[in-house]
Structures are given as C-alpha cells and as structure tokens.
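I'd like to ask you about the structure that follows.
Order of writing sets the chain letters: A, B, C, D, E and F. Residues in each chain are counted from 1.
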Amino acid sequence: MDSNKLTPSEVLIDALEYIKKFRDQIFVIKFGGEVMVDEKVLDAVAEDLLLLRYVNIKPVVVHGGGGEISAAMDKFGKKPHFVKGLRVTDEETMDIVQMVLAGKLNNDIVASVNKHGGHAVGISGKSAKLFSAEKVANEEDVDLGFVGEITEVNADLVRTLVEKGYIPVISPIGIAADGSSLNINADVAASKLAVELKASKLILLTGVEGVLSKEGKLIKSLTSEEAGNLIASGVAKAGMIPKLTECIYAIKHGVPKAHIIKAKKHSILEEIFTSEGTGTMVEEK
Amino acid sequence: MDSNKLTPSEVLIDALEYIKKFRDQIFVIKFGGEVMVDEKVLDAVAEDLLLLRYVNIKPVVVHGGGGEISAAMDKFGKKPHFVKGLRVTDEETMDIVQMVLAGKLNNDIVASVNKHGGHAVGISGKSAKLFSAEKVANEEDVDLGFVGEITEVNADLVRTLVEKGYIPVISPIGIAADGSSLNINADVAASKLAVELKASKLILLTGVEGVLSKEGKLIKSLTSEEAGNLIASGVAKAGMIPKLTECIYAIKHGVPKAHIIKAKKHSILEEIFTSEGTGTMVEEK
Amino acid sequence: MDSNKLTPSEVLIDALEYIKKFRDQIFVIKFGGEVMVDEKVLDAVAEDLLLLRYVNIKPVVVHGGGGEISAAMDKFGKKPHFVKGLRVTDEETMDIVQMVLAGKLNNDIVASVNKHGGHAVGISGKSAKLFSAEKVANEEDVDLGFVGEITEVNADLVRTLVEKGYIPVISPIGIAADGSSLNINADVAASKLAVELKASKLILLTGVEGVLSKEGKLIKSLTSEEAGNLIASGVAKAGMIPKLTECIYAIKHGVPKAHIIKAKKHSILEEIFTSEGTGTMVEEK
Amino acid sequence: MDSNKLTPSEVLIDALEYIKKFRDQIFVIKFGGEVMVDEKVLDAVAEDLLLLRYVNIKPVVVHGGGGEISAAMDKFGKKPHFVKGLRVTDEETMDIVQMVLAGKLNNDIVASVNKHGGHAVGISGKSAKLFSAEKVANEEDVDLGFVGEITEVNADLVRTLVEKGYIPVISPIGIAADGSSLNINADVAASKLAVELKASKLILLTGVEGVLSKEGKLIKSLTSEEAGNLIASGVAKAGMIPKLTECIYAIKHGVPKAHIIKAKKHSILEEIFTSEGTGTMVEEK
Amino acid sequence: MDSNKLTPSEVLIDALEYIKKFRDQIFVIKFGGEVMVDEKVLDAVAEDLLLLRYVNIKPVVVHGGGGEISAAMDKFGKKPHFVKGLRVTDEETMDIVQMVLAGKLNNDIVASVNKHGGHAVGISGKSAKLFSAEKVANEEDVDLGFVGEITEVNADLVRTLVEKGYIPVISPIGIAADGSSLNINADVAASKLAVELKASKLILLTGVEGVLSKEGKLIKSLTSEEAGNLIASGVAKAGMIPKLTECIYAIKHGVPKAHIIKAKKHSILEEIFTSEGTGTMVEEK
Amino acid sequence: MDSNKLTPSEVLIDALEYIKKFRDQIFVIKFGGEVMVDEKVLDAVAEDLLLLRYVNIKPVVVHGGGGEISAAMDKFGKKPHFVKGLRVTDEETMDIVQMVLAGKLNNDIVASVNKHGGHAVGISGKSAKLFSAEKVANEEDVDLGFVGEITEVNADLVRTLVEKGYIPVISPIGIAADGSSLNINADVAASKLAVELKASKLILLTGVEGVLSKEGKLIKSLTSEEAGNLIASGVAKAGMIPKLTECIYAIKHGVPKAHIIKAKKHSILEEIFTSEGTGTMVEEK
C-alpha cells in the first residue's frame, strides 16, 4: 500500500494509533555526520524532534562527527591515522576531538532546535559520569591512545532532563577514572544508552535510505538474525556493518525496534507514524 | 583576631553557624583563567565544590578562558584583535571560542569534579536558551562580530540541575534569535545568573588576593559605594574594574554578598565558613 | 487548499500542531438524533472519541433524542404535543423521556464506545446534581409540565470522570429541588456544560454539513456577530437557529470555538486535526 | 438485652465502637423492589445512606426492579414469560428492562438521595464495563434471550466514585462482547460486586424482617453452614433462597458479614450501629 | 424533650449529625482538680477522649491541679500563701508546682488514656515554647514570684501531635525568656490555646453541673453578654467567675462554643452528641 | 596527631566529611546526673544540641537523675534503700521519682535548650507508650516495687518529633499494663531507644573523660569484645560497668558506634566532628 494514496483521515487514524503506542516513551536517535553537514537537513530534523515532544515522545540525541574532526585536525596541522578503523588519538588529537564534538557540533544541534524554543540541552558523556570508560587495548602493538570503551552508563541525568521536557544532545566522550577524556564510537554510545534508558526505539540517521539487499533494493524489515546474516555474507559493507551490529545489540538487550533511515526532511516522522515507514527496521522475529 | 589561633571547637562553632545560614542556598562561582591554568588549583577548587554540597550549599560555576582562546587562535594561525577590551570575533574566531570554552575548558572542569563522583554537568549558555543574547553595537566603527550582550536569562535548566544535586558548569556562550553563538563576558554572565537565581553569594575567583587599597593592602570589606569610589578614583585598575562592576551590579540587584578571592586551595571554604574570610567582600552598607 | 492533496507528512505536521494545541483540553460534543439513528454512524463516532483520548484530548458527550421519544410515546399510546417548540411533558411523558434518554439511548452510546474498551460512563443530569433545574414558566397559558431550565451546573463529577480517563455520556435530565426530573434541551445542556468545564470546543454533531449561506453554500467560518445576523435575517432556519444560538452563547461565555458538523465517519477528526476542517466553525472575531 | 432500654450514652458508646470499626469501609446495599415501591421508605433509606457518609462509611447501592418491569411490559402490550425463574428476554423486552432499571428506577433512587445533596451517581453495569457478561445457556430448550451471567467485574469506576465521596447507584445490566445489554440478577450483581470491592458488609434490603426459623421466628444470626442447611431442608423458601445463596457466596469469598433486613425507616442504621441489630446476619462460624 | 425518651435510632440520628459537624475539629478540654481526684472519674473521662478520636474529633487536654499542689507543699513543710487568689510562688514552690503538675498529674492522665492504647502525649507548656510567659506585676507590694502571664502561644507542636492522632495532655507551665518556669492559670491556658488552635469548642470540666441561676437552677445556654451579667450581678460566685471569664474570652476571640460541665462518666459525650447536652453552653447571641 | 595543631581549613575539611556522613541521622544522647548538676555544663551541652540540628543531625536526649531523686526523698523524709544497685521503689517513692525526673529535671533540660529557641520537647516514657514495661522480679526476696524492665519500645512519637525538627528530651519512666509508672534505668532506656531508632550513635555523657586502662590512661577506641574483657577482668568498675554493658548491647544490635565522653563544653562536637575525638568510642571490630 502506498501511503501517498491514503486519505488525510487514514493518515490521521494510523498516526493516532502510533501516538498512543509511543506516548511517554524514549527514542534514542543517533545523528551521523550526514545530518550535520547540511544546515537544511539539520533544521528539518530538529523540527521533527520538537514535533515528537508535542505528542509526549521523548527524543534523546547522540551525535557523531568523523568528518569534521578530520577537517579540524587538518587545520591544526595533524594527520589522521587509523588502525582497524579506530582513530589513533594522542592527547592533542583528543583535545581536538573534544573541541569539535562538544564545542562545535553539539552547540550546532542545540542551536538548531533552540531557535524554535529552548528544549535542547547539550552535554558531553563526561557530565554526571554519563559514560564511564576505559582505554581500549592496543591493536597491532599500536597504542591507540585516548580511544575508549564504555564500562558503565549512568543515565540519571538524561532521565532528569527528559522528564523535565528537555531534549538531551550528547557528545560521545567518555570519562576515565582519572578524569581524562576518551573518544567513544557514537553508534555504540547510542545503542548502549538506548538499552540503559529502556528506549522503545534506536534510530540511526544516515546518508543512505537504509539497508540494501544483494540486488540493491531497500530492505524494509529485518530480524536480528537476518541482520547478522547480512554482515556474515558480506552483503552489508563498510559503515553499514557497525550500524547493523549496534541495532542487533540494542534488540538483543531489550530495545523493541531499531531503525536505519536516511537523514532528510520528516524521515523520522514518516518512519514512526506511518505503517509503511521510510527505511529499514530491525526487530526480533 | 587570627583564625589560626582558634581552637578546633571554635572553628567548628563558627562553621556550624555559617552552615546553618547558607543551607539550601545557591552560590554562583566564577572561575577565571587562573583556576584552570594549573591542574592542582583546579583540583583543589573542585574538592571545595564537593564539600559545599555536603552541607547542602548549591554551587553553580561559570567559567571564562581568555588565555586559552588566544593560544588556540594562535594554533589556527589567527591573531587576536581587541577594541576597547572586546575581542573582535569573526565567525571562525567564534568557532574557536566555542570549541575552547564548551569543548575543552568546560570538560576539564567537569572532569576535575567528576573524578571524585558524578556531580558536575557541563552546559553552554545555548542549552535551554540559558543566555539569550544579541550582538553588541559597533565600537569605533568596527564590527565586533559575534560578541553578545545577554538579553534574557532563562535559568530553569540550572534550577533543575541544582535541585537534583548536580553542580552546573556553564560556558558563557549566548544564543542569538537565529541560533548563532555569541561570545559573552564571563563576569557579566556570572553576575546576571546570580541575580536570576537569587543566589546568596557571587564569588569571583581570581589570580590575586582581593581588592587592594591605594597603599597596596588587602581590603577585607567594601560597601558597593566604596567599590564604586575605588573605580572612580583609579585605585582599582585593569581587570579589577569589570570584577568590581559586576559585584556592584549583583548587589544592587539583590545578591546579598559578592566576593573577590584568590583561586587557591580551600580559599572558598575559608571565605565562606570563617568569620575572617580570605579576600574582599562587597555588600550593601 | 485541498487537504486531500497534502502528503502524509504534511497531514502529520498539521495534526501534530493541533495535538499539541489541544492536549489535556476538554471538548463537549453533542450527539443529535442523527448520530444515534444509524448504528454505523454511532460506531464511527465512538471510534473517533477513543482516538481523541489517545492524544490526551478529553471528550464529554451530551446526547439528545427527540425522534426516539416520540416513537416510544406512540408505543405507550400517547400523542406528542408541542407549544412553541417545547414538548408538553406530563408526568407519564417525563417517565417516558427519562426511560428513552437515560435508559435506552445513553446505554446505546456507552455500548458503542465500550465494546472497544471501558472508557464510557453514562450518567443523567440528576447524578451529583449535575444539572439543577426548575420548571419553565407557562407558554400561552399552557402548563408545559416537566420541562426545565438549568439553574446551576455542578460539574465536579464530570471533571472527576474526565481526569480518570473516562468519557462521560450525559442524558439531559435536570433535577428539581424536590428531586423530580425535568426535561432539558440537549443543545442548551451541552453549551452550558462547555462553559462550566472551560472546554476548548463545543461540537454539535448534526444531520447536515454545517451552516449554509443564502446561496446554499457551506460557510466554513463565522464570527458570533455573523452568526447572529444569519438568525436575524432568516437565512438560518428551523433546527439551525437553536444550534447557532448555543454556539453564540458558548463563545460569549469563554469557549474559544464552536463547531456545527455532520455526524459521519471521522468528521470529528477532520474538523479538529486538519486546517481545512469539514463543517462550520464559530468564533469571536 | 433490649436496645430500647439503653440510655442515650450507652447507645452512643455502642455506636462509636461500630463507627470506629467500619470507618473508611465499603458496604454494598441491595435495594429490592420493596424499597422502591413506597416513596417514604425510599426517602428514609436514602437518609440513612447520607448518615453513613457522615461517619466515613461508603455505601454502594445495587437495585433490582422486577415488579416495575412487568408493569411496564404490560403497558407495551407484552406478557412476561418465565422459565425456571428466569425472565425470557427478547430484544424488545431487554429494551424495556433497561429503560425501567436505568431510565426510571435508578433515577428515582438518585433523586431521593440528591434532594438532600449531590452524593448519588447513577450508572448501569455497562459503564466502564462494570459488569462484563455473556448470555446464559438455554433452559429446557428455550432461548432465554438477553439474560446474562457476569463473567468479570471491573470496579475501578465504582472505587473512583466512592473515593470522591459519591454514592454509586447501580442498575444490574451487563455488557456483552458485542456491546449488547444483558439482564443480570440484582442479588448476584450485589454479592459479586461486594466481593470485588472487598466490602465489609453485603446488606440485602427486603420486604420481610429477615430469615425465619421453622417456627416462624426471626433468626438473628446464622453461620454460612446453617444458612445452607435452611435451604437444603426447605425451611428457606422462594425469594429467600437466592438471597441466602448470595449471602453464602459473599461470605465464602471474603466479605465478613452479610445481612438480610427489612427495608424500613432506619433499619440500616440499627443493624449497623447497635449490637442487637434488626434482621438476620450471616457470617462464617 | 428528654433525651432518655429518644429511641436508639433517634439518638443515633442526632449523634450522626453532630459527628458530621465536628469531624476533624479540635476541642480543648480543661480538666479541673475534680477530674483527677477520683481515679474512676478520670478513667471514664479518658474513655470519652478515645471515643472522640474514633469519629475524628481531636481533643486537646489542659489540666490544673490546685489541691494536689497544696498537699505536696504541705509534705515539703511549706505553707501556701495567696494574694488576690494568686499563689505566691517562690523558687522552691515553683519546683513543687512543676513536679506535681508535669511530674505527677500529667503522667496520671497520660496513664489513664494510654492503658487503653498509646494516644496520649504529656508535655509541659515549656516544650517547644508552647506558652511563652512573663512574671505578673506585684500585687499589694507583694512579689508574687514565679507566677506568669502568657505572652505568646506557639501551638505548632500541639498541631503536629493532633495531626498524628495523639491526644496532647498539657501542664500549664510557662517559659520565661531566661528559661525559668512560671506558674500559669489552667483556665487561662486552656482558653488561649483554644483560640490559637481555632478550636470548635472549649470545654471546662468542673465539680458542678454547670452555671446556676439565682434560683439555683442549671442554666443550659448563655450568651456571652448574659454570662457577663451573671458575673457583674454577683450570681456567679468564686470559682465560677474565672471559668465564665475564660468562656467569654474564648468566644470573643472566635471559638464558637464554650461549655462548663460536670466531670463524670460520659458527660463529655452527652454534651457533644446530644441536642439536650448536660451542662451550660456559652455562645455568641 | 593533635587536632589543636590543625589549621582552620583542615578542621573544616574534617568536619565537612563528618557532616556529610551523619546528615539526617539520629544520635541518642544520655545525660547523666553530671550534666544536670551544673547549669553551665547543661547550657554548653544544650548549645551543642542546637548546633547538631544546624547540620541536620537529629539528637534525642534520655536523661537520668539519681542524685536529685535521693535529695528529694530526703526532703520528703524518706530514706533511699538499694538492693543489688536497684532502688527499692514503693508507691510514694515512685511518685517522687516521677516528679523529680518528669517534673523537674526534664523541664530543666527543655528550658536550657529552649531559651535559645523552641526545639526541645520533654516527654516521659509513658507518652504514646514509648516504654512499655513490667516489674522486675524480686531480688533476695525483697519486692523491689515499681522498678521496671522495658518490654517494648514504641518510638513512633519520637520519630514524629525528630522529623518535625524537635529535640525530644525523655524521662526514663515506663508504663505498665495497668497504667502505673515504673522506674527504668536511663542507660538501658537510651541504648534500647538507640537500637529501635536505628541511631548512628549512642553517646553517654558522664563525669569522667572516658574508659580508663589498667594504667589509668584514657582508651580512645574499643571493640565490643575488648569492652567485655574490661568488665570481666575488673578493670572497668562501678558505674562504668553498666555504661559499657549498654554500649555493647547497642553495638550488638546494630548501632554502629557508642561513645562514653565527659559532659563538658563542646565535648559532643569534638567527639563527632574531629577525627581525634575526646572520649572512648566502642565499635565492632
């Protein structure tokens, strides 16, 4: 059925059912670089976040920022270096990561929401020890430096903000036992936070329409087992692998549904409030 | 009377009186660059903040960061330029300001507090529209760029954090109507916030012992009128002028006491909990 | 603009704005005989009431029942007799009125809602003295008998039911000082109740599309002054006169908007949640 | 001991003990046709209900109405037909049952209480799905029609009304899965509701003084076993059998005491507040 | 009408009306020496206090103790000395007064109530500064010593106890600014406390039936003006004068009714819960 | 380390740690005769109680009074008589005990606290049946009379007072089933109350510095086992034996720490808020 052929009443009836279903629930939404690179996209997505609050859905944003970090390092005259997909992060690089994520991108998202009101609150994962972390082990004898793995999620602050009607916007920076900052993967941070918050949905906003089949067709729905097979069989590639991995993680740990959808105008609303949706939904069989 | 000659019981009795007096009250504490430049000082001050929470005093931190900003600009190959003491702030400079303040310094303060627990929460003045602002007028026909004046303080978020037991750590960045960031003077942000929060104290941590008389002696207590005279007569100089100005502002708008004290180990505690104090206190006659 | 040409997203955006606007507000909806005469219409309207509750709108139903009363009188071998549009109501007739309204029609509406859940609660205006009333004066020297005018509305019971998530369904029977039942006009009961409850809307469901102009075209929007003129000029006729009169009364006493719409599938939803609407809306200029 | 010989103080002391004991507890009181046939009796009983509320006892009324139903059927030209004591109830008869119970008798009781205040709220068992029911099986190959058995009692609405200080007055009409009305025995409805509400007492108001022994003497107190024996031995006859059956049911399911007393002026008060009582009390040994 | 001729139902109906009227209200009851001199009387009165709590009336007891004090002084070899009816109270005498009132009599009353439960809590007027007082001026050049007048009533403690379901039992000892104890007249303490607590009744328990007329007949009801006339005309004599004076004081300051009744079994209940009463009631015309 | 050599800051830091630790906790403090015999000591201790309330510590006082009782008996011409350390208490003696404890000493303590505010509330153990008790068995065939052992502690009243910010001051008088008063050992009453209240500390104020070793040196810290050994080995003598016994009892029943310290100016504060303390602390190993 094509939702464009629904009458307004039918759209309404559908939407009302979903609104009832998701009322008072938390959605964790991860913004990839694609959201932030284009101000129009960011503004459209911000508008959708506000609309979710109208019907008492509680969005929580975790953002990434790979591209901007490399650009900033370039300005500082530093060359990005990766080992097994992980950025080697010396102390100066960590300062840059932190400045770009918590200083620039976080404030950009907050600004985009708040020019229509005061709902967004930007924090880093160090605040209230949201993401306690420790350094990852060396890879190939290379000290990866300030790259961290989350050891504990303390989401009380996020719950407080959400209950008070705010939209938390979170930079994925962890805090080590000695207080130092650690660089955390944003997809991982989002899925762990979704689990801790008992969110109803994990939504990963990306630059593509969703997960594609071997034939290059959008897959609308996947079980976590099928998602695993896509990775194993090599159909899912590159950046889609960690996304599917985190969707599987979230679902295995109690989040009912995870979505991979394209960051564009109203794509969140269409995914949530229409039976057809717009991207790929992963759920347990 | 020299408080070093008090017996422990006398120190206790004094302290208990002050603890009773300040219970459940908010202190706005401004960290100047001197606090953050030395990790030992920062750690000592952070420890004091936690001790204040033990006795139900509610500290709120606003931080500055002039020195670090100039250093970062230097790395980016930009030269600081000031007109009448105000930093000319083009868009790229504003990005740097924001990255240094909200990205680096804010997270450093949060880390220093949170390695002993999870009490600090770092936010910028854009979150929840804490500091709505607009651009200042040109000075000497020079467009100062992204330098802002606070037009409205919306402290609901800060109140929520404080009530929940957190210590807010605030970067002085304002949000313009179009969502863009504006550079706000930290002393001004601290005094306006103190007024809005009906704080009991505004405490400015600096690099010097307090306000000095013409003879170079520490002045322990000043009325706001006397503070004004020190400025008018030229005894107060340079960086002390805006500090005294903000103390006077706070006091004229209902904050009972304002303090200028040196950032060092336990100086906050000694100022608050002993009758002698350590720096300069300004109050209405 | 034709709302059938809106994309689903546009319908959603519109609807979300209205949902935000009307959240937690009370709508008083009057069911005319046209709603109850056709079980399919009744079921469709009942479904809409449940959908309103999904988004925290609080519907309160007042129903009439002229046709059914006359039919029942006929069965009892009594002939309806009207003076100036008011039914002459002797004691036996009042018994029949009460039995049809509170015994039959009220239970039919409750059943239609409750087969999908347990939200509807049927009461008469005698319960908790919802509608205190006294007999109207004679007309043309005819004792109209048990025909009443509302002297006081005590809506505490209705508020309690609404707060607990129930949908009150109210038969317009008043209670006299001596406890006897009085026959109350349902449009009047609905508008007085809307005023007392500070409802956001009074919605009169009828058998026609709305108010028609002299040219027989649906008028989508009217000020209360224009509504008065339609009555004065004779354009509004017969049954539409008391409906417009009660819309004007409600609006003059603080209800922001009153609607006259056709009782049919989803007409309530379309009137409330789309900018175009389906019937006639009356509001202060 | 004859309570008429007690001094006023002794009556008071007794009453105060009972008032303490029953404070904040629910009594389910069933009104038989005898209460409603005589307006003076109804008014006297209504007054007692109000007095119970003065001392924070919470009466809930369930009413029957056999006689009135037959009279109304007669007016409609229909002949009552019974199989094994159950009224054969075709659709038209069910309409009449509903109109008499929920339309007339319920409103009469509400009126009698509310002319002294606004405490009574009349509802049918269809409201908020209070009595979910299904049709009883055929008896002697006769389709009994709309005669129902309670399958579930949902008393949330009743609890809400009682907590808010109202006196619920309930017509024993059940709601089937398809929303249709089913005729429910009032004694059964009262005892099932008493059990669901964890009432302290089930009180059946009848036309006789209480249960009589073989010798025709009033039995003041019975165990449930003795009550069963009275039925088995044929001493209890006709209408007393279902009353005793429901008393036994209530007691077996946790209601501490069940009473069968004559509907007359202050008989409820005397039964509750004096040690002697006026009718028959059934309790577990 | 003789309440002994009322049927139990009539007694009940009367009582229920009063119970409704006085629910949740405070009665201040003063125990004279007559209550405490006879253990049987004390026990009967204690039982009545408990019965009042059953129906949510909140008794507060203030007790006197003249006779016992003189007896104790005698044991200590001290001779009572009075000037204008006021006991000359040197420091040793004050110690005796305090020991007899707060040490012995207060504990006796508490014991009498508490052997039936734990409702009574004995305190002196020094606790929580219930009765702040200062020494009265000399009379006839005699220093009356530790005789005090109440300067402030701080009844927060009493309210707390009453709200928690306790029956406060209060010894009329005042606290001076320097912490010393002052002897306070119990009738005065009771009437001032009744005013401060906004009590519904002040009840003075005495050794006589009530106020007598010139002819020696019990007066059942008096206005405050008539009470004043009885004092002025000399009909009221000796101990009745201060009692009437305090009744008038209480009534002039907002206590609706004051009672003077004989301390005997159930006299409090009969005065409160029957329309006839047992002693003298004073109220504004 | 000598706390007199601490700087004020160090004293403060120490104190703040303890204040945090003990916030909202109850300390039961027993006043021996030494506190009450000297008004200056009593005033100094009272001041400390108020200071504890400043930092939300909740002191509860139980007092003794052996010396005063004997003195009062002497005045009444009665000779104290002891069997195995227990005072033989005939009815007249019990009256004197009660008058001295609840009448005199309790009011003296209350006065000492309340001349600085209204925080103290004096009660006996009979109020609200705080200490239910029964007579102890005969010793050496002597009827000890009104000497009691606590059979139940009902501390609801004390909890209420403490929550409302009051400082309860309790006379150790028990209530027997028949309401009569029983003489209770104050150390025992204090330790049982500490256990019931789940107090953090039991503090026994005495006339000596603390527990002394065989060599006559103050022992600063003891395990309960070591405390038992001191009794068994005869090092602890006379009045110290019951004190140590009650410290052991409290600790065995969940009170973390028990202290025996000298009643003098600020000794309570120094024991609680400095790491060195002033007397002997008993705790589980």
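Here are a few things to note about the model shown:
Convention: a residue touches a chain if its C-beta (ideal position, glycine included) is under 8 Å from a C-beta of that chain, and two chains touch if they have at least 3 such contacts.
Source: prediction; values computed, not measured.
At the interface between chain A and chain B, over half of the residue numbers involved are used by both copies, so each side presents largely the same positions.
Here B-F and C-D were compared by C-beta pairs in contact; the pair with more is C-D. Rounded to a whole number, the gap between the C-alpha centres of chain D and chain F is 61 angstrom. Chain C and chain D have centres, each the mean of its CA atoms, that are 35 Å apart. Separation between the centroids of chain B and chain D, computed from CA atoms only, is 73 Å.
Taking each chain's centre as the average of its CA atoms, chain D and chain E sit 48 Å apart.
Touching two or more other chains at once is no residue of chain E. Contacts between chains close into a ring here, every chain touching precisely two others. In ring order, beginning at chain D and turning toward chain E, the chains are D, E, F, B, A, C. By the touch rule above, chain C contacts chain A in their complex via residues 3-4, 6-9, 11-13, 15-17, 19-20, 23, 51, 54-56, 265-266, 269-270, 273-274.
The touching residues of chain D, when paired with chain C in their complex, are 75-76, 95, 98-104, 106-107, 110-112, 114-115, 117-124, 126-129, 154, 157, 160-161, 164, 166, 173, 175, 177-181.
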